[in-house]
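Should a chain be cited, it is by its letter among A, B, C and D, assigned in written order, with residues numbered from 1 in that chain.
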């Protein structure tokens, strides 16, 4: 059995990554990739790794009927076009933020309002490690955001184990790669200005705070920095549990939450170069690494989590969610294990 | 049908890359990976992308019987241990330079002599686009070197089309990533000294000249520079054909040589960001990109070729050769198409 | 008037940086640079930017008499050789951690004991923005550490303005370049493993916590990450003041502490690419940038500070301290203003 | 004595670099920096390293009278505004290509014609190591281009020593940093697409060929690649001399040409990490490094030269030329010796 799939917004980075994943997926056939500006051009003219693909971009006004439509359009577009998407596709997976929050009030607070607020309760947020059970059969899926995914994966076991309860002050200090800014570019992302940076790009008020609060139940103190990599998001969470916990409590918590998870690896200490989670270890893969250390002098837990923002943080997560929604093996099309060595991923 | 395979020298970069490829290969079962220094440790303790692998390194003195043994040891080791390798394995694929040249005289000239010169004529050099026909049934395979592969792939069509004859002066100006230096390290490859370089590391006399001369039939003027990437080798070849040729002659030559090749993509001009071969476009894949431009003012052909030195330049090429030797589909295990975007690959 | 100066340990990164600064300094003459392994070799053979220098390394057992000796030896060496240093030099500036803490008990706790604890109270810690008044006439100066400098400069105004009192939980999340690891190298700092990283290298228990606690009066929650730059240290401090403060309180605090400081620039908001402190903006200079943002949703202050760890974090700070100790203009030899654009600094 | 100077086009990379150099120069006072789009803004809002500068950008239509005007406008602007420039300034130094070639025919061939061809013979091309004698008293100076400077400095000694005569085939394979593309940006220079590249950006037909041919007297085979650094240009020249030469001939040639030059360092072999010229060794300085190796197997000379394209390749060269034109010490304001370590410069 094979599902017809389309990618709307195929020239962006997440669109390209989805096309790559879907072409290598045993259960999907890509029947359409749209782009208004590049219509009729080959996909390989934008995504050089896909030069072997015969498909060409087509106009987004001429959507074909498919089983699954993946929307990779900028924030704000899906909410405008959602009826057209749902008309041609039984299942819509949206990679933007347009359907990630459940209420209109949240969109008013964090974004600029919502064009179709009545659909918000219909959509299922997708971060499978958090809410896999909601996804089978879902028809409108809002794939979780990259920084939110990194933070939630790091902190979720502390809630599962009742080490955190939701009223703590937790610092989430995030470091992200340049692909998070998308394919457009601009002065701040030009190579001479962007290379080698440690640049505060969201000191406070990042919109992913809203997702974290909604789905983890914790209002975090979130700050994001741009660093010199292309792919990757790393979250360092600083947590002061009350009462204090032991390292074995932490191992128990993290193993309890993740030992059955196909895409989460626990990495905490050991020998060698790679002792904690880092983006290089998961680059090009759908894996997340999560680890922790205990600071005895101030009763602090430091939690590290690392993902490839293009994979576990967007395109990989969308395929993962679609797999579950359609009843396909979760791992299908997502088994690539990453690379070693790999430079700035 | 499935073949038992082992990797001798599993902690190095090529060893790790081979383990990754073999684990994802439909026809191979990895039954052993050796390391003297890391015996009994998990493979993931060295190669973080392979943390999901259960295999542990074992002592190289205790080789298991396999169908194919891949030797990833430093230059000079295979020639010493070749009998032990061939005793346990029907087919040996050596990734070092030990069996790449056909005569003892060449090893005396370019290396420090050879321990088992009588075996040199037994070995088959493997660069499938050049000599695929020699590989079926081969028992001792010497997988071609990275820089030689880049240069040969760039220039071969000019010989096929009789544009080059072997007595021309051809400059091969190569740019390589840091993984070519291997996992060892040293002052010159420490990050503060190595990052951001354009460093002449083999101004003249690089040993891959010997391979190029032997298999292409041309004594090239070879110079290699270290640049700031981890994976990748890019060769720029400057050729003055006599008589001069046209661009359509070149297209005809390159298409003639490569249009049936599963792992070669021709890229020459066009629009967009990626108009010529570059390592980013093939990073993490077994693809080579080859392209050219004609310089009307001096009747020069500039040929560009780009590979991932860990893949098409070593581990991927070894698997490709083994596939052909064993009669497996050439592409098996090597279909990963690369990434976009990707940083310093 | 000119002072004779020597650099003990001249082959390391801080030694080379000191030699560069002293050679360009209007009041110092470099009369000796020592290295046991490189004795008699030119300084330019190790530090390529100093190829124009005629001085050669000499044996550290043959120290010449100077006005000021700068010790750039690894931690633990100065405490062993301090008598020899003080015998030949009226003023000793030590760039290691050997004399930074005031009591033997602290060395027992954070290091491996101290060889000459009776000298600890003689030494003056040098971070001029913190304790300039202690430095005139000082004979044994312990130049402050890079990460401690970044953290202290960020937080000091909050103490000056009595916004912090010393019993708060403050997270200090630091990102550092590869030169902090020194010139030696090793597997973790080899280019293929180190490039593109966001790697937790001191999750907890970094020794600079001791300096911060001693001189700032605050036990911070310190975590350091290696990122892909050569020079630079950036500290992000997450602070929850009680009672909450306004942005104008913050401006008043930071201006009050730093508006007269020659090497501190306040950067907080504004337009353009560089809105907050970042290492690129101060690379190659002795300047520190400090800035902040207020998070209204959780009453948090986020403080950013950025330095070049080779300059304000080591060699520049040592020269700055020597200038003050000797009564020279503070800025002498340190006026280089940085570069734009600059890559991974 | 001090000269009033202005910078027209102060927001670009070369404009910013010039402002930095002029502010640190003992003989120049910067009285104006112009920018149409940023008029009235601080210089530090664009160039973060110049945040300590009080000057603000002013409108380019209101030029002040100065002794020297440096034009840092894009190619094509100076030729339109040259009368206005010369009206307010006794000496004009143009950093664009507008006055580098001596005849209208050359502009027709390599550019899009010239607006003021009658002025071409008035202008003096400035590459002091080549034609220092033309510069004293010059009123209209065309500062040499970055890639041309790298190539000419590498090859000039071979002409001086009559090893080259002008009719040879010489390959010039250049590797350049992202600042050569200027501050504007675009898809190809966005960080995700530009980082980690080895990208042929001028396979043939680069305009600097015209400068090289005009001033060196050799039609070179020029190819330029973008690599992952911000500053820097490295030229590798492959030369086949007839008759062949010895290494001592080469040393004699290069020493003969450069031993008195204040900004050229010969680097060819030796021990340590930095054995040949490379951009890291000269980053942030006005120095050029030049070196060579002899290839006995094909009677080839490989010449390496490296500069910081922002310094010796543009702003530094312009100041150097102005110093000579005005009779100031050549080295004034240009003595910074570079950095070690330095990342991607």
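The rule is short, and it goes like this: a contact is a pair of C-beta atoms (placed from the backbone, for glycine too) under 8 Å apart; a residue touches a chain by one contact, two chains touch by 3 or more.
Remember, it's a predicted structure, so these values are computed and weren't measured experimentally.
Engineer: For the pairs A-B and B-D, output the one whose chains share more C-beta pairs in contact.
Structural biologist: Counting C-beta pairs in contact, B-D comes out ahead.
Engineer: Can you name the chain that lies farthest from chain C, using the mean of each chain's Cα atoms as its centre?
Structural biologist: Most distant chain from chain C: B.
Engineer: Starting from the mean Cα coordinates of chain A and chain D, work out the distance between those two points in Å.
Structural biologist: Going by mean C-alpha positions, chain A sits 45 Å from chain D.
Engineer: Between chain B and chain D, tell me the centre distance in angstrom, where each centre is the average of that chain's C-alpha atoms.
Structural biologist: Whole-Å distance between the two chain centres: 38.
Engineer: Please list all residues of chain C that touch 2 or more other chains.
Structural biologist: Answer for chain C, listing residues that touch two or more other chains: 13, 177-179, 183, 187, 192, 195-196, 228-230, 273-274, 280, 341-345.
Engineer: Spell out the part of chain C that touches chain D in their complex, as residue ranges.
Structural biologist: Where chain C meets chain D, its residues are 13, 16-17, 20, 23-24, 45-52, 177-179, 183, 229-231, 265, 267, 270-274, 280-282, 284-285, 310, 335-345.
Engineer: What residues of chain C sit close enough to touch chain A in their complex?
Structural biologist: For this pair, the touching residues of chain C are 169, 171, 173, 175, 187-188, 192-193, 195-200, 203-205, 209, 219, 221, 223, 225, 227-229, 232, 234, 236, 238, 240, 273-280, 293-298, 300, 302, 304, 306, 341-345.
Engineer: Under the stated contact criterion, what part of chain D meets chain A in this complex?
Structural biologist: 13, 177-179, 181, 183-187, 189-192, 194-196, 228, 230, 343-344
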